[in-house]
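One chain, subunit A, links the two complexes that follow: it is found with subunit B in the first and with subunit C in the second.
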Partner chain A sequence: MSKADELRRKAKQRRFFIQAALVGLSGFAVAGAFMTARTNLEAQGLTSGFGFLERSTGWDYSFSLVEKSIMDPYAQTLFVGFLNTLFVGFIAIFLTTLFGFIIGTARDASNIAVKSAATVYVQVFRNIPLILQLVFLYAVLINLPGPRQAMSMADTFFLSNRGLMMPGLSVTPGVAVALLLASIVLGVVLIWNKQPLLRGLLIWMGGSILLSLIVAAIMRPEGEALVSIPSLQGLRFRGGITVPIELFGMIVAITLYGSAYIAEVVRGGLAQVPRGLTEAGQALGLSTGQIWSRIKMPMALRSIIPPLGNQWIFMMKATTIGVAIGFSDLFYIVSISITQSGQTLELIAILAGAFLLVNGGLAVFTNWLNARMELKAH
Partner chain B sequence: MLTKSSFLGIAAAALAMLPATAMAESPTVQQIKERGTLLCSGHNGSYFGFVEVNDKNEWKGLDIDLCRALTTAILGDPNANQIVPLSWAQRFPALQSGDVDVIIKATGWTMGRDTELGLQFSLPYFFGGTQFMAHGDLGITEAKDLEGGTICVEAGTTIERISANYLSTIGVEHTMVSYESAAELRAAYVANRCDAFAGWGPNLAVLRATEIDNPDAHVILSDQLSSEPISAAMRQGDEEFVDVVNWMLAAMLIAEEEGVTMANVEEMAANPPNPKVARLLGAEPGMGERLGLRDTWAREMIAAVGNFGEVYDRNLGANSPYNLDRGLNNLWSHGGVLYAPILD
Partner chain C sequence: MADISASAPPSPTTSIGATLRKRAFSSPSDTALTVIVFGILLWLAWTLFDWAILRAIWSAENVDQCGKGTGAGACWAVIDARHRLILFGLYPFDQHWRSTLAAVAIIATVILSCIPLMWTARRIVTLWIVGFATYYLLMEGSLIGLQQVTTDGWGGLSLTLFLFSSVVLLGMPMGLGLALMRRSKMPFVRGFAVVLIDFVRSLPLLVTLFTAAVVIPIILPSWLEGDKIWRVIIAFALFFACYQAEVFRGGFQAIPKGQFEAGAALGLSYWQTLGRIVLPQVFRHALPSTINMVVITFKETALVIIIGFFDIMASAKAAFGTGEWAPHYLEVYVFVALIYWAFIFSLGQYGEYLKGRMAISER
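The block that comes next holds the complex of A and B.
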């Protein structure tokens, strides 16, 4: 064995030992913290463990996608909070991405009016803290007229300080959630098949609507119309879909804020496309729209997607502001569970675990999307 | 060494100071008499209706009036007291260390306080529980009418549990919105985000009177969801003092029952309509000596602050800005749960 080989082998061994020592040390620190917490809790006579998850909560909260009751155990209530967080998170991700691309493109426009409007938007919404925007928006929303004086559009859409009431398909909440999931899966499949952007969007929207109509026609409860329209009965609206004002406020606030960030990401991506390519397009006689969809966007996407994934993860974490206005997202459910059950450490661990799971998943999806969108020949 | 004559002198002096019977006087009452002042619990600010500071910088409220009544009973002067401002957390340590003689401050009687904290509680003088307040234009009078409504509540409180439990028991379908911050909760109710607001009854009445523009536009619903007994708290181990506080409360209730008021007390004392009133007002002996007090203590007390009904109306009820219905806090003979032990 040559001298160089031996030196290399030794360096490899050294690296291995350093890494092993680091892993051991971290493991030791974590175990130590765990043991200390356990001993201290026992010394104070506090019970630890996850047994409380099976006890019924006995308290109510505002929003749930599925049937809920105060008899539900903590585990189920936490799961409802998790679903609410996912629901708001994915709606916010979809809307911020859509508006972010539109506003980012406007920031890159040659028309001065469009460009300055987009700039003002980004500067205003990016520079004010999200929680402040939400609390302000909520204060405005709860001062809308009450349900009996609701603003109405064609007697089918109503906006009051209880929420937005609109016509909906007569399906149970469970079926509605399944339809939503099916629509997401359809979108992923379309990206997988590398459909062109516009055609993909058309297929996705058309497919989702058609699927919902067919399912609603088959699954609707007996004796009910295909579409149910909200109408005022007693203290509230019945029928249709009610978007509670808290949910409405959350979606609007997160969308306004997040769009400004994504617009900047998109603008950055567009700015990186070499000028020569745009000019080549113009020389070929392509329209502005064609240059955008066939030259600029495909080139820009490569640099947009990694920071976009970052923003998506941020949007998901931003749902935790629901606690400020009484929206029952996971963080809100966890914080009430802590005061009502006293199991602080366990609940914080559940909260952290849930966010790790979702945001880890989002990161994996972003990487996959990035690989999918790579320009292989470039 | 004492000579025989000086010993007799001291004994005679001691006898003259003692009431007629050889009953041991409460150490707390003795201290109060030596000091010439009764030390009562106040609040660090205003707890409206119970312990509050008016615009002339004077203490007032139901609990303050009870303190004045106790002062009159022991010292004969309603103003011979000192109100010590205390936070909620400070009240028990302050009692234990002797900074106050008694806590009369919207304090609930709980097992933990009675045992672990070494306190002794008086008869309950107030019952407060979870209630609903609703917007008046809805035409609602009881919780059953809330069908389909939205109810706001403070997150993480017992009120949240109690109201959810109650509405599910009576089968009222509703939406519950709970807020972490009390300010956010009030704003949401005032803005009509919710039809009703669940809270502690007296607090609802105070909120209605002080923070809402038009108090008449809000109704406190008749349902009483829970009830907490509110009592005066004293240090454990001074039974005679507990007797004094209990009979102070009892005398105010008996006075109300018998129609003795601040205005007619002297007249009633001069011409008692029955033996009970005669005993209560000291026209017949017996009321004072058994407690180590003057025979006329109840008469002086009612002349100074009035009977229980007058004190309630002045501070929480019809003659106060809060207009809180007496409900459970009425005499047993008027549909309430307040009663006095038997005056024999």
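The block that comes next holds the complex of A and C.
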């Protein structure tokens, strides 16, 4: 056997031993953890398994999109937490993306005043920890005056220490969620159809609003106006939609922080569009708006979408800070459930599973979006 | 066909007047925009200045001397009265000088790391180990003959800096290890790294830290359990490492394959090629993203308040939560936000500067 063959054989052997050791050690660690967990749990008199999910919880929490009671079983309460996480997450994703694109475009503007305002915004909100912003904002919100002295805007929006009261369509929460889903489906269909940017946005927003109005007109409860406006009656508000301060604080804090990040992503994408293309647009007599929507943004989107997807996933994960102000997101519900029921391992597994599912889904969506936007080879 | 008459070439002047005319007052609508946006900015700046400086009360015997209601300015007296609690937490009062020195050691370490003179593997590793050891010896105390203070007694800004520096110090080599594993040709080694990195990255940091705080005691035998603070630091470092491994991976992808082959052709071993040829280039490429990661880590340390540590946010809450100063929560939060902002903004600007400098050198 030649020297080279000998060396190759030895290298192969070494690779085998390294891998066998790694697999063995991991297996040993998992088995050890499993055994220890069983002894520890037995010592505490806990039975493992998912049977506890059917027991009722016996405790209340702050926010739910559906009817809740302290008699609800754990499974239902956890599901409510999951819905709340998705609800806040998707609202935050929508608003941060909207404001992020506006502010990112402003960072790229030729007007000095607009550019400096956007720069100040980004530098302030990106450089303070999100949780500090949230706790700060929440402290301000709970110290606002009560409903009777609520700050009002045009007598339709009211902000008090009870939350934000705003006008809304007179529909039940179930119908509202269905409308939200319909709007998302419409958006996906428009992307799939490869609509031009501005026209797509207009069709999407116009379509969503029109659909909501039609459905609300048909489905509204007997004898109620199409749009209900909040008004002060005695000590509290009636009508309209009430956004509780926990939810309001979460949405505002995540939106301020996240949009500063997305603005930087958008600015980076716009900066990569060659100057010559903008100048070509100017030479053809296109307006600034046309250059933005027909030349710069379609080019920039290709480098914006991958990091944008990462920001969306970040936003979903950021909802866990709701626990700092008592907003009942999934993490909050899980941590209360752990102290109340002691089923730590099962609940952590549910929590991790839920996040893997949602973030995996978002990653798949981003990849799909990216593939739709990619230039096809000619 | 339209008649195109010759005109003088545009003058290449870049005077302030010309720039302003072009970028602020190019058309009536542009002028209106400039005036409105600058007006709003000025109004905001004035309101803030008026509240924080002009009408502020800087020192007061007690809370009653600070004005109440919407007309009053900032009451910085609350910082005067409570800054020790905010900065040092529950650390013994007469030992605060140690906490100060320890915090200075960490800040000095971070600042020194930014100087290119320190950018050799040996110097930077020595610097961080010395800085961290100084911190630990001063804070803990018993090893250098001072009064012992266990980690339960650490708090405020010093604790935040401790968490930050130990996460970076532990996480950096872990991240490099994971990046190397992910590049390995051995399928099990690579698979292990891929699964671990993707799993940790798709979970929120809070879930990882929470798991370290409450799950580890269940699945580890008690002799392996360790202090809660170390469990959380190791979990945080793992989180950092999984993101940092992706940063290093980007650095590795920028290295042409010829570099490895050249090393092999010279008869260098895997570790020699890595250490002498590839890694120095990887670090260089990964530097801006690494600084970005470090900045994010500093921000995320604020999350430990949720799992019950007395970091700067918790001590800030305690500073106004004791009743007397309760109306002045705003000033306390502004103070803490300014501390975070100063750290994060300056590190971020430094990262931007490095990015710009490297972009020039690579042209």
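Heads up, the rule we're going with is that the second predicted complex is superposed on the first by the 322 of 378 C-alpha atoms of A that agree within 3 Å, B and C clash if a C-alpha of one lies under 4 Å from a C-alpha of the other, contacts with A are read in each partner's own complex, and residues count from 1 in each chain.
Keep this in mind: a contact is a pair of C-beta atoms (placed from the backbone, for glycine too) under 8 Å apart; a residue touches a chain by one contact, two chains touch by 3 or more.
These numbers come from a predicted model, not from an experiment.
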item	value
Clash or fit (per the criteria above) of subunit B with subunit C on subunit A	fit
Partner chain in contact with A:123 - subunit B first, subunit C second, else both or neither	second
First (subunit B), second (subunit C), both or neither touched by A:139	both
First (subunit B), second (subunit C), both or neither touched by A:193	neither
Touching partner for A:236 - first (subunit B), second (subunit C), both, neither	first
Winner by number of subunit A residues touched, once subunit B and subunit C are compared	C
Which of subunit B and subunit C A:335 touches, first, second, both or neither	both
Touching partner for A:2 - first (subunit B), second (subunit C), both, neither	neither
Which of subunit B and subunit C A:59 touches, first, second, both or neither	first
Which superposed partner A:323 touches (first subunit B, second subunit C, both, neither)	both
Per-pair minimum CA distance [subunit C against subunit B, superposed on A] in Å	5
Subunit C-contacting residues of subunit A that also contact subunit B	139, 143, 323-324, 335, 338
Interfacial residue positions of subunit A with respect to subunit B in the complex	58-62, 69-70, 139, 142-143, 146, 161-162, 233-236, 238, 244-246, 323-326, 332, 335-336, 338-340
Residue ranges of subunit B touching subunit A (in the complex, touch as defined)	138, 146-150, 152, 155-156, 160-161, 164-165, 168, 175-181, 184, 187-188, 191-193, 195
In the complex, subunit A residues that touch subunit C	15, 18-19, 22-23, 26, 32-34, 36-37, 40-41, 110-114, 116-117, 120, 123-124, 126-133, 135-136, 139-140, 143, 313, 317-318, 320-321, 323-324, 331, 335, 338, 344-345, 348, 351-352, 355-356, 359-360, 363
Touching residues (chain side subunit C, partner subunit A) in the complex	20, 22-24, 26, 30, 33-35, 37-38, 40-41, 185-189, 192, 199, 202-207, 210-211, 214-215, 217-221, 299-300, 302-303, 305-306, 313, 317, 329-330, 333, 336-337, 340-341, 344-345, 348
